[in-house]
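Data block below; observations after.
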Amino acid sequence: MVKKIKKYSQGEPLAPWREKIHEVIFEADTPYGRLFDALLIAAITLSVIAVMLDSVESVKAQYGGILDVLEWGFTLLFLVEYILRLISVRKPLMYATSFLGVVDLISILPSFIGLIYAGAETLLVIRVLRVLRVFRVFKLAEYLGEADYLMRALRSSRRKISVFLYTVFIFVVVFGSIMYLVEGEENGFTSIPKAVYWAIITLTTVGYGDIVPQTHIGQMIASTVMIMGYAIIAVPTGIYSTELAKVYKQSVTNHACLSCGEDGHDQDANFCKYCGEQL
Amino acid sequence: MVKKIKKYSQGEPLAPWREKIHEVIFEADTPYGRLFDALLIAAITLSVIAVMLDSVESVKAQYGGILDVLEWGFTLLFLVEYILRLISVRKPLMYATSFLGVVDLISILPSFIGLIYAGAETLLVIRVLRVLRVFRVFKLAEYLGEADYLMRALRSSRRKISVFLYTVFIFVVVFGSIMYLVEGEENGFTSIPKAVYWAIITLTTVGYGDIVPQTHIGQMIASTVMIMGYAIIAVPTGIYSTELAKVYKQSVTNHACLSCGEDGHDQDANFCKYCGEQL
Amino acid sequence: MVKKIKKYSQGEPLAPWREKIHEVIFEADTPYGRLFDALLIAAITLSVIAVMLDSVESVKAQYGGILDVLEWGFTLLFLVEYILRLISVRKPLMYATSFLGVVDLISILPSFIGLIYAGAETLLVIRVLRVLRVFRVFKLAEYLGEADYLMRALRSSRRKISVFLYTVFIFVVVFGSIMYLVEGEENGFTSIPKAVYWAIITLTTVGYGDIVPQTHIGQMIASTVMIMGYAIIAVPTGIYSTELAKVYKQSVTNHACLSCGEDGHDQDANFCKYCGEQL
Amino acid sequence: MVKKIKKYSQGEPLAPWREKIHEVIFEADTPYGRLFDALLIAAITLSVIAVMLDSVESVKAQYGGILDVLEWGFTLLFLVEYILRLISVRKPLMYATSFLGVVDLISILPSFIGLIYAGAETLLVIRVLRVLRVFRVFKLAEYLGEADYLMRALRSSRRKISVFLYTVFIFVVVFGSIMYLVEGEENGFTSIPKAVYWAIITLTTVGYGDIVPQTHIGQMIASTVMIMGYAIIAVPTGIYSTELAKVYKQSVTNHACLSCGEDGHDQDANFCKYCGEQL
């Protein structure tokens, strides 16, 4: 289940000290590796909270200085980490261009860009993107299997979900357009895209209430959309439940008994439950 | 699994060139057929977006000319396509009166009607209806099986969903009426249909907030409706999940009996459950 | 599966003409019985719509006369039906005091009470209660099995749902009270019951928006409640799905093979799928 | 299935009268024990309702005296109960420091604190916390198994739910930040935390409507968040359904191996999957 990521460890061996750094930084099955990951996730979370607070005016006014210091601290920390990552992998370019590698770089840049460029808000948001690094938590052994499990079910239900989303798309366009005709501009349905936006708000049961039907016919159509939205939520849920059950069943039936050939053994089974032979 | 639609290809053969057109336009299992379908869906999507933008006043003011040209372009494209469809099928009338045939025609008409009739908004909405043509995407091999799968589960859960909807209907009428009595006109519950509309908004957890209970008793009843709505969403979801699992189980086992021809046997079946012959 | 309701047909036989009336009115497995039920449900639906429209002031002003005539028509129709029901059952008192018997009586009374008493709104709502008669639709053969199926799963998940509702109850009381303390009266959380009402609106994802947190801490707590509400909807859904699957599995395994003793045969199986014997 | 809680009954026996009190107060499998629990839950519920009403100003003004008397009555009742609990357990300290023990104490204190300290609102909320005592209802035999069943599924889906919540967390932070950039302060997205709050409201389909996007791009992003929120509700539901089904399957087969004592064998198992002995 838990597949160790070996991407960067094939071919000729790294120097022992680089091997050691690699083990601590990239892997999560040694005590130091686990500790490093735990600390890293704490640092990421704290730095994201700091960035978010930095965008609150009253907080910035009072604690702006502390937040700046913190931000530079985290930036340097992530910079050191990024350099260590580059050093300890066999193919630095491959790492640097991978999704998480780019995210790692993006976590560092804004502070330096901020020295020469003054788009404060944009830089804030780019700094927040380091939250994506939290995905590294799924590298931890106890989450790796679970995340993989959920992803496999998601992948195998991809097309069914697409069919569902196409249908929802057609649905909201048709009902939105009809409401545009029925309610008209005077009731807030100023254009078809706006009316489609209303249909999405209603079908997904979000219901902001910023645009609501005023006419009797409009309210009847809205009722239909609501009840359909309430009922068809069953479709993605049903799809995903079924796929998860399938993936689970497959993981159960990976190993057949060598003696009687029956499968369906649990993952923790040592002996065949049908004939008693060792698995 | 993937059943090829053969509706229009039975009986005496078409002329080879009509056969060729038919293959490209109506089927999706040749490279040209697939390409045609992909381009068609792109054209439909673009034309729907153009229509939707046409309804936004600021956009229309600035780009009205371009949108008109685009609309005439798409209309001519769909006109050519419609004529080719009529030519290449054996029974043009049958195609023209089918659901997708009517939708195809509706995609073309509004531009021409617009020349002699000035109901701009109505025509806009009719033009949007061409979004229904996107359903053709489900003809593509990779979606056909999935859509069929979802539809079969929907069809076999039809009656259970009806029972659920009847119950919801009774529920919203009863609770809406009680709220009409409890809250009264001064709190926005001006009539029973309005109060039923509120009950639908609340039960489906949409919650616009345009009509909300003001009295203590009204808020208690509303709380009950909310919690019931939150809990009974489990019913359609449970129904659909169960049906999907059933359909999946059947699809796994589509070996037909050699003796009576019936299929739908379970995976572990040794004998036909209808005629008793060995499988 | 489809159990015929025999409650009123045990013991000494009724006179043939009463037997005939009973068959048409109470049962749904003869052509006349089915026709009667279909007409009755149409009449109920129409009369409920008439009552609902009667509560809309503008409609009442214009069509009040027609609605009065309709109401008296439906009242007389239901009166005749009620008398026929009383005549054709063996134990009239038992019918009259049953749930549907009381609903049948309530469908008739308001019009007569309206002659001597003038509580128009209350009478309207009582008249609407005849919508409960629509439950008779579940007596129709095609729904009887399905409704029974859904009810059995509901009944066997009764206690789990209770545990869930107890937990939700404790949850909304605790979080509501905390919000009462945090937000206070100036932000609309005027009392603990009001704050609990807010917690129910938020947890069930209804989200009217009539009471919303204004403080930072309040919004953080609200976020927690929302995410919990979003996640724990999984609980009733999971419970009901599992129970439905169980009930389905039981209905599949009702009959074991007399020859090999295996069960798990489908409902439509004529032969054992394991040994080929006739079931 | 129903495991009797034996925590306090090991070691040397209690005096018979303490044993008797213990049986009535702590256990639910004797008639008196059941009666005591039923009365206790009624008392808790009534006292919580009394506290909640006490926070409603109009009620307090009119019935404040009665509510004070009731509160003292319940306080004394719970005090007596608390002393009896302390007397009848073998390890009073262990009970007093357990979760429910602390809740029991908290149910009594506020009334006494109220004599010397005047933080009315805080005390009210602390008094409401006695609602947590309702969890004792799950000690009743008919709920014990069910609650245990739901908890086991929750526990075994703990990590999958965590993966889901991490993903939701990253999701709302990223989309919230983007909306902060797109909509800006003038449209109510005054800071990143506020924008994340909006993303949570939208993703969970609560939809208060207190902060809504005003720009076209903002509404398009909001539509995406809504549809994702509508679709990914399938994930926790699917997880929990699958786990419940697993737990159910295991609970069906709780025969332990006679050789190694392990249980959790499937229904169709002939041999212990851990040690290979015949079951």
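All chains are identified by letter, namely A, B, C and D, in their written order; residue positions are counted from 1 within each chain.
Heads up, the rule we're going with is that a contact is a pair of C-beta atoms (placed from the backbone, for glycine too) under 8 Å apart; a residue touches a chain by one contact, two chains touch by 3 or more.
Not measured: the values here are computed from a predicted model.
Residue numbering shows that chain A and chain B use the same positions for less than half of their mutual interface.
Set side by side, the interfaces B-D and C-D show unequal numbers of C-beta pairs in contact, with more at C-D. Across the assembly, the mean Cα position most removed from that of chain A is the one of C.
Inter-chain spacing, taken between the CA centroids of chain C and chain D, is 29 Å.
Rounded to whole angstrom, the centroid-to-centroid distance between chain B and chain D, based on C-alpha atoms, equals 41 Å.
Among all residues of chain C, those that touch two or more other chains are 164, 193-194, 205-209, 229, 233, 237, 239, 241, 245. Chain A contributes residues 205-209, 237, 241 to its touches with chain C in the complex. Chain A meets chain B in the complex at residues 159-160, 162-164, 166, 169-170, 173-174, 177-178, 180-181, 184, 190-194, 196, 202, 205-209, 212, 216, 219, 222-223, 226-227, 229-231, 233-235, 237-239, 241-242, 245-246. Of all residues in chain D, only 48, 51-53, 55-57, 121-122, 124-125, 128-129, 131-132, 134-135, 137-138, 142-143, 146-147, 149-150, 153, 161, 164-165, 168, 193-194, 197, 200-201, 203-210, 229, 233, 236-237, 239-241, 243-245, 248 touch chain C in the complex they form.
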